[in-house]
Structure formats: C-alpha cells, structure tokens
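Two complexes, one shared chain (chain A), two partners (chain B, chain C).
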Partner chain A sequence: MKRPILLIMILPALALIFSLLVWPLALLFVSSVQSTGNAIGAAPGRAGLSLSNYVEILTDPWYFGALVNSLWLSFSVAALSILLCLGPAWLLVRGDFPGKSWIRALFTLPMSFSGVIVGFLVVIMLGRIGFIPQFMESLTGRAFLSGSAYQFTGLLVAYIYFEVPRALLTLESSLKKFDFQLETAARSLGAGRWQRFFWVVLPNLWPALLSTFSLTFCVSLGSFGVALIISKRFALMPVEIFQQFTGFLNTGLASAMCIVLVAIAFTVNYGLRMLSGRREVPSA
Partner chain B sequence: MVVLGSFVNTSYLGISSEQWVSGSEGLISFKWFGYVFDLYGSHMLFSLRLALLSVILCLAIGVPGGYVLACRPFRGSRALEELFMLPLSIPGIAVALALINAYSVIRGKWWLVLCGHLLYTVPFMLRVVTNTLRSFDIQRYEVAARSLGAGFFKRFVLVILPNLRHAMIVGSLLVFAVSWGEFNVSFLLNTPLHQTYPAALFATYTSNSFQVSSAATTLFLMVIIPVLLLIQRLGGSELARVEQGA
Partner chain C sequence: MKASRTMFVLLGLTLAASTSFAEPKVVIQYDCIPNYANWGGVTAAYEKKTGVRVPPDMKGSSAAMAALDAEKRNPLADVAYYSGAIGFQAAEKGLHQPYKPAAWDKIPATLKDPEGRWFAVHTAAVAFIVNRAALKGKPVPRTWDDLLKPEYKGMIAYDDPTWGGTSYTLVYGRNILMGGTNTDFGPGLAYFRKLDSNIVHYPRESVYNDVLRGEIPIWINADGNGLKMKYVDKGDIEVVIPEDGSVSMPLVMGMVAGAPHAKETKKYLDWLFTDEAQALFAEAFFMPVIASALPPDLASKFPSNKEYEVVRDLSLADMSAAANSLKQAWLDQVKNRK
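Up next, the complex of A and B:
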C-alpha cells in the first residue's frame, strides 16, 4: 500500500538526477568520442567513433600541461588546506576560549562565495597594485609580491581561501567523534606528545583526512571562477574547456576534457572513500 | 598548535580584510552603488528569483526524497543517495557543458539555469533532511501516531514535517546561499537576457572600473553574509557534513 506513495515521493529527485546529470553526461561522452568536432545540437552518430580527442589531450603539450597544472594545483591546495586546518580544528574542538563561535563563523564565511569573488579579492590583495605589495612598498621601499595574484602563488592563495572552510568543517566534525580517552590512555602508558600524535591520533583520523582531501581536491579541480579571473599565464583545465567551447567551438575536445575531469573527480572521490572505509576503526 | 592556529587566523583576517577595502571604496561616495543598481539591478533580481525558486523546488524535491531515503530504505537506496550527492564532486563546467549538449533545444531558456542550480542545491537539502531524520528515532514517533490511527498523509504532515522544521530552515538558507553565489554552472548556461549576479560581477571585473566592481562585490556580500551568519547560528557545526562545491 505504501509503495506507490513512496515512489511518488522520491520520483522528483530521481527524475532530476537522471534527466539532468546521468543522461547529459552520457551524451557528453558520446560527443567526446566522435571523430570530428561536431557543432552543438547536431545529430549524434554522424561521424565515426574515435578517441582522437583524448589522444589530443594527452599528446598536445599545452592541453596536457593544463591537465598536469590542474592536478598539481588541486593536490597542493588539498594537502595545504588540511595542514593549515588541522590545528584550528583541534582548537575548535578541544579548546574553550572567548569568541570561539565568532572565530568559527569567520573561518567558514567564504564557503559559498563564488570563485569570481575570491579571484577579485585576491587581485585586490596581491595584484600589481594590490594591498599587500603597496604596504610592503611603504614599509621597505620595494613592492614585494606585486602581481603575484596572477602566478601560481595567487592561485594557491585563492584556492586555499575557499577550501579552508570546507576542510575546517569536515575535520572539526570528525575530530569531534574522536575518542580522546584513547589519547589519555596512550599518555598513561608513557607515550610522548609526538608518539601519541603519530601512533594514536593520526591512524584514527586517517579516514577523515582522506575524505577531507578528496572533497577539497574535487572542489579545486572543478573550480572555474577563480581561474577565469586570475590564471593569465597559467593554463588550467576548466579555463581550457571554457575556451575550447566558447572560443574555438571545438565541442568534441571540450567534451573530452570534461569527461577526463569528471573521471578524475569520480575516481579520487570513490577511490579515497573506499580506501578510508577499509581502514576505518569501528569505534571511531 | 596554538601558534599554527593563530597564524592561520591572522593570515585569514588579512585576507578577509579585503572586504573592508572594497567596502570603503563605496562608502566614500554611494554613487557607484546607484550605478550598479541601474546597470545590474536586473541581474540581481534574476539571481534572487532563481535562488527563491531553487529554495521552493528543493523543499519540494528534497524533503519527500530525503524522507524516503532515510526512513524507508530499499534495495540500492544507499547507492542512490551517493548518486544524489554526486553533482557536488563533479566540476560545474562539465555539468554545464553536458546540459547544453543534451538540451540544446532549450538553450537560452532561463530555466535551464535553474536546472543547473537545482543539481547543485538539492544535495544540500537532501543531506540536511536525511541527517536530521537519522539523528533521532523517528520510527517511534511514526508508530505512535499510527497506533493513534493517523494515516500516512496525516503522519507526514503532522509528525514528520514539524520535526523537520529546523532542517528545512537551515536547508533553505543553504540552498539560497549556494544558488546566490553559484558561478561555475550558471556562467555557461546564462543567456544574454538573463544573467545571474555572479556573472554580472565577472563582467564588472573584466570590463568595468575598480570602483564599480568593488561596489558590486559589496552588494553581493551584503546579501550573502547575513545568510551565512544565520546558517552558522542555526546550524552550528552540524553543517560539517553538508560540505559543498564552489
């Protein structure tokens, strides 16, 4: 008796995900394996199947460079934001100090600033006549860091800026679940500070670290707004896709790039999840 | 640890002080704000309308769907839940391209932008709802109501929904914030006549004076910061598991 009603209740969500995600992605894959860059909206199946688009991504130094840049940037952003947030997350869970809720609010504020905003803010701070270079100039007479917004540093800062809230919140929630009695037990057995950290805390936190990593990695990989604003000399995958699609009307190549990105994001997300699932301590 | 924490804190404060830099540009004279309203007021209204529609549709889609997933699990419901969360880890530009590719017929209709927004906002609503429903023993409430003779609809409306009120408020705020700030998907889906406000911001960054873009950014922040603070206040750290894409 309940079944039909339940089905009706979940049907909108199902329809949404299948019509707007699964089906379009399948079509995108189809258009990526067609040998000619067919115009958007043209009947599929006109050209033969080929992997030329994928081969082009892997062999063309510029495209391959963009792919490597994207991966490298996402990797360093994910690793750095975890390193940066581990301490504050620890403080937020264990410490008790005035203004704690305000500090958390401040940290998590940029969570849904869109990338373009973050890009703009970084340009203001680190652009050619940015806030920090001018401050440096007034201090030392030389404009340090001038224009660094447009280089790898600027990208790194911008990406970390909007990854910090995500990393902090996920780490905080998993630290909350951490059983601190374990640490006390280790201490009573005579383990030193670092010994406790490396042999007790870290193994228990490992799944949380992996899931935080995969989250920040995937978000950085797909982030588009920041890169559009500040990656002037630095090729990044999302910007390349945008240019291929709108500038060169090369839909086939753009689709192939999208599929590559989706595949990487998917693999990282589920690969790390499985890895962390296997190591998860039942009590944690 | 303390040193590291305070270091991040100060560097963070340094970065976020940009907001005040950009704000002070507008505070000296408010004429740029008027200029932004004149030029981009329609974008702002479009974004607001989009965000409100997203909230309504997410409530309609996410609340019943979340209830089924959390309270009436069936075979493959876990996998389905994963599938619903999938958009959050997929690059927005790939989704935008896929949508354009699949629905080229209706490209240029404003509700294609809405479709893109829904893909990225429904997961939040779903997750807030399922988290809440799993956090307490809702089955007992239902059994009790049933034993008193309440039918399914009566139970859903009088027992489940009141318990979900907090989740629905937090979820709506989240959905609003995400939709208001969404750029990755909407930028490619935008039509010349209907552009979201972040896309307008992008236009000011690339082709307008610094004062105008600062004023526009300040207006953007003025909408989103109260919403985010409210989310923080209401949702606290339960939001941790409701992570999201940029």
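Up next, the complex of A and C:
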C-alpha cells in the first residue's frame, strides 16, 4: 500500500531530473563527440564520432590552463572557506549569546546575491579606485591593492565571499550532530588540548569537512557570473564554455568542456563521500 | 454555476476586445528596444501620426536574425534592425526582400546595399570616452598612439570583441586604419598587444556606470554612449574622436522576405528616413544617416564635422566575413597570448 504512494511522490522529482539533467547531459555528450558546428540536439552529422574536442581541451595550452585554473581556484576557495567558517560554525553550535540568529543571517546573506552582483561589489571594494585602495592611499600614500579585483586576488575574494554561507551552513549542521561528550570524556581521561583535537575531534569531524569541501568545490567549479565580470586574463572553464557558445557558436567544444566539468564535479563529490565513509548526501 | 457564467461573459468580452483591437494596423519590427536609439520615441511618434502601431521587441541583433531564420517559412515580422555586420549577414542568408525607401538617394552609398536588401538608419563612430575627473590632471588622449603612453597604465578598457558588435567593429576598424585587410590582422593586433599593458580589463557587461564613476577613466566605445553620459547623466565626460582616424558603426535595417504587412511596412520605412524621424534618433545621440536631418541644437552636442572627417565607413561584407577568424586571432594574440 505504501509503495505506490511513495512512487507517485518521487515521480515529479524523477521527471524533473530526467528532463533537466539526464536528457540535456545526453544531448551535450552527443554534441561533444562530434566535430564542431552541430547545434545541440541536432541529428548526428555524417562525419561520425570524434574525440577531437576532448583532445583539444587536453592539448591546447589555453584550454588546459583554464581547466587547471578552475581546479586550483575551486580547491583554494573550498579549503579557505572551511578554514574561515570552522570557528564561526563552532561558535554558532556551542555558543549561546545574544544576536546569534542575526549573525547567522548576516553570514548567509551573500548566498542570495547573484555572481554578477558579487562581481560589482568586488570592483567597488578592490577596483582601480576601490574603497580599500583609496583607504590605503589616504593612510600610506600608496594605493595598495588597486585594481586587484581584476587579478587572481579579486576572484579568490569574490568566490570565498559567496562560498562562506554554504560552508557555514553545512559545517553547522554537521557540527550539531557531533557528540561533544566524546571530547569531555577524552579530557577526563587526561588528553591534552591538541591530543583531543587531533585524535578525537578531527576524526569525528572529518566527514563534515569533506562534505563541505565537496559542496563548495563543486559550486565554485561551475560558478561563472563573477569571473565574467572581473577576470582580465585569468581563464576559467565556465567562461570559456560561454565564450565558445556565444562568441563562436562552437557547440562541440563547449559541450565537451561541460562534460569534463561535470565529470570532475561528480568524481570529486562521489570520491570524497566514499572517503568520508558514508554515502549520505552532504546537507546544504 | 454562477462562476462559469462569469467566465463566459469574460470570454465573450475578451473576444470582442481582441477583434476590435486587432483592427488598427501594425508593423512588426524585430529588435525594437524602446530605450535604445530612442525607438520608443520614434514608434510613438509614428503611431500618433498614422495610427499604425510598431510594438516594442526586446530581441538584440543576433536573436532577431536567428528568429527570422527560424520563421523563414512563415514570417511573422516585417522589418528588423541590427548592428551592421549582422544585418548584412541576415541579408546574405536571404532573410530580407529588397526595398528602397523614398529617401534612397540621400543615403550615402557605403551605407546601403545597391539592391536595397539592407540600409543604415543611423550610425555611431568609435570614440574615446574620457572621464576627465578620473584622469587626475593627466592630458586627455587625442590619438590612438596617445593611448599607448605608460601614464595611462590600468586606465583603459574596451569591451571583449568576441561578445559585442561595437567592440568587434572597433578591433576590425583599427586594423583597417593601420593598413591591415580582412585577412591580414597583423597591424591591428600588434597595436592591441601593445595597448594591452594599459588595459584594466576587457568587459563583457556594460561598464557604462564604471566609466561615469571613474573606475574606468577611458573607454573605447561608440560616441553616442559617451554623449549620453555627458548630456543626460551630466558626467565630466569628454568624447574624443581620435585625430588619427576612426571608423563608423552603421545600424541597419532590412525588410523581411515575405513580410505579412508589406504595404504598411514600406510606408513605415519611408517615414524612418524623413527629417522628423531621423532627428528623433539623434536625440539618443545616434547620428542620422541623412546628414541634413540633424537639428542645429543637437548638432552642437555632437563632435564637430571637422572631427568626424577622419571617420571611415567599413565594408560590412568584409567585416562579417572576417568575424570568426579575427575574434579568434584577437583571443590568441591579445587576450590569451598563446
């Protein structure tokens, strides 16, 4: 009796996943293994299948560089946002102080901004005449950090800015499940501060860190609006995809780039979850 | 029971309304964005004059061409408006039918297809849009060579030419001005490689506000954008037509092949080349294609005729033929420096 109801309940989600994820991915894949020029969803050309688009991504220094940049930026952003958020998340779970919900709301605000807005914010703060360089100039006479919005620094700041809420919420919900009595027990058994951290807290926290990492990494990997606004020469995969689509109508190469990103995101997500020893979906 | 009766009455009213409102004549124009080139004012004036409505349409050039292509067998639009090279492409694809508006002979020969498959309605010119306050005492650049001076380091921007028609025209045009051709991009790209060290970044979104604010002191773009900053937004802006040469950017139209309201469309196109309509375009700082139509009070706001003397018209055919290879070469040799 329960089964059919359950089936009916998951049907809309299944239909959605099929029509918005599986089917488009299949179309992308088909388009990616053809030589250039075919519109997505068009019938396969007579030229037959070809891996030339994938070969181009891996051998062309610019595209390969964009891929490496994307991975490096996403890795740095994920690692740094965990470092930044661990303390606040701990405080939100354990601490009890006035205005706690306000602080949480403040931290999670950036999630509601689109990438384009974050890009403009970074330009206002770190642009050529940004607030920080102007302030530095009034203090020291030199406009330090002027124009850094358009460099790697700007991208890093912007990405961390919108990953902080995700990292914070994920860490907080995982920390809530953390059994703090374990730490108390370790202390009463005579373990020192660092001993407790490395041998009790960290191993128990590990899954939370990994799931937070995989979430922030994957979101950064696909994020696009900020880079579109501010990067001058720092190439990132999502921007290259957009460029191939709109600038050159090169759907084959763009599709192949999409598939590569999806494959990496999936591998990281799945791999980290295996590593953390549980198959739950990271809560976000 | 009662609800369904209300529904019937409403349905009847809607039907009555739609039949009575469908009566007035229309001309359908793709890419008819009200706040671009004053299309809102132009179409309102036409409706007031003739009763013929030209509804707004928010498609840009490329989307307009794509839509016409998709509807080829059953055309819905009567006319379309584009940035030059795209309108040319649409004509080449056979999406237009020839028509020569009444004022045909007054349109300069370089700005129309001899057969009437496309024709410019107004033009813009490549200019340096300079925020004087943001220069902080440095001289306003007057020539392309001035832009290369180290004092402008990190102060100049031009849009990524792979994203926008305006910037593509500027890169293509600069190369022609320097002696390049539509297959030899060497001279132009060498210049842009040198300019690169003074570039803040290559925007892919409108930086109109960044220029007004002074974040970007020098923007190479269409003169009309700078004039709008100066006269509408009252910025401390100077619009410089480079003394050592510039190029024009025609904005063109074409009558759609199989246009459903052909008779009205021809009248509308004729009217767009009257002094009245041409002056309305000039209010948004697009230069009328019929030069005599520019009202004196507006003319004084544009750069002078002497300044415009160095502006060259480009061959849209060559420009659209070179599009993909030049964009790629710019990416490889200027932006990405492979």
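Miscellaneous remarks
Simple rule for what comes next: the second predicted complex is superposed on the first by the 259 of 284 C-alpha atoms of A that agree within 3 Å, B and C clash if a C-alpha of one lies under 4 Å from a C-alpha of the other, contacts with A are read in each partner's own complex, and residues count from 1 in each chain.
Simple rule for what comes next: a residue touches a chain if its C-beta (ideal position, glycine included) is under 8 Å from a C-beta of that chain, and two chains touch if they have at least 3 such contacts.
This one's a predicted model, so the numbers in the text were calculated from it and none came from an experiment.
By the touch criterion defined above, A:F107 reaches chain B but does not reach chain C. Of the two partner chains placed by superposition, only chain C is touched by A:A235; chain B is not. By the touch criterion defined above, A:V116 lies against chain B and chain C together after alignment on the C-alpha atoms of chain A.
Of the two partner chains, chain B is the only one touched by A:C218; chain C is not.
In the superposed pair of complexes, A:V77 makes contact with neither chain B nor chain C. With both structures placed on the common chain, the touch criterion links A:V33 to neither chain B nor chain C. Chain A is touched at more residues by one of its partners, and among chain B and chain C that partner is B. When both complexes are overlaid on chain A, the residue A:Q243 reaches chain C alone and has no touch with chain B.
Applying the stated contact rule after C-alpha superposition, one finds that A:L155 touches neither chain B nor chain C.
Touched by chain B in one complex and by chain C in the other are residues 116, 123, 228-229, 246 of chain A.
By the touch criterion stated above, chain C contacts chain A in their complex at residues 134, 154-155, 162-163, 199-205, 210, 213-216, 324, 327-328, 331-332, 335-338. On chain A, the positions that touch chain B within their shared complex are 2, 5-6, 9-10, 12-14, 16-17, 20-25, 27-28, 31, 40-41, 84-88, 90-91, 101, 103-121, 123-125, 131-132, 157, 161-162, 164, 166, 169-170, 172-173, 176, 214-215, 218-219, 221-225, 228-229, 238, 241-242, 245-246, 251, 254-255, 258-259, 261-262, 265-266, 269.
Chain contact summary for the complex, chain B toward chain A: residues 1-2, 4-5, 8-9, 12-19, 21-22, 60-62, 64-65, 67-69, 72, 74, 80, 83-84, 86-95, 97-105, 107, 115-116, 118-119, 122, 126, 152, 177-178, 180-184, 187-188, 198, 201-202, 205, 213, 217, 220-221, 224-225, 228-229, 232, 237, 239-241, 243-246.
On the chain A side of its complex with chain C, the touching residues are 61-62, 116, 123, 127-130, 146-147, 150, 228-233, 235, 243, 246-248.
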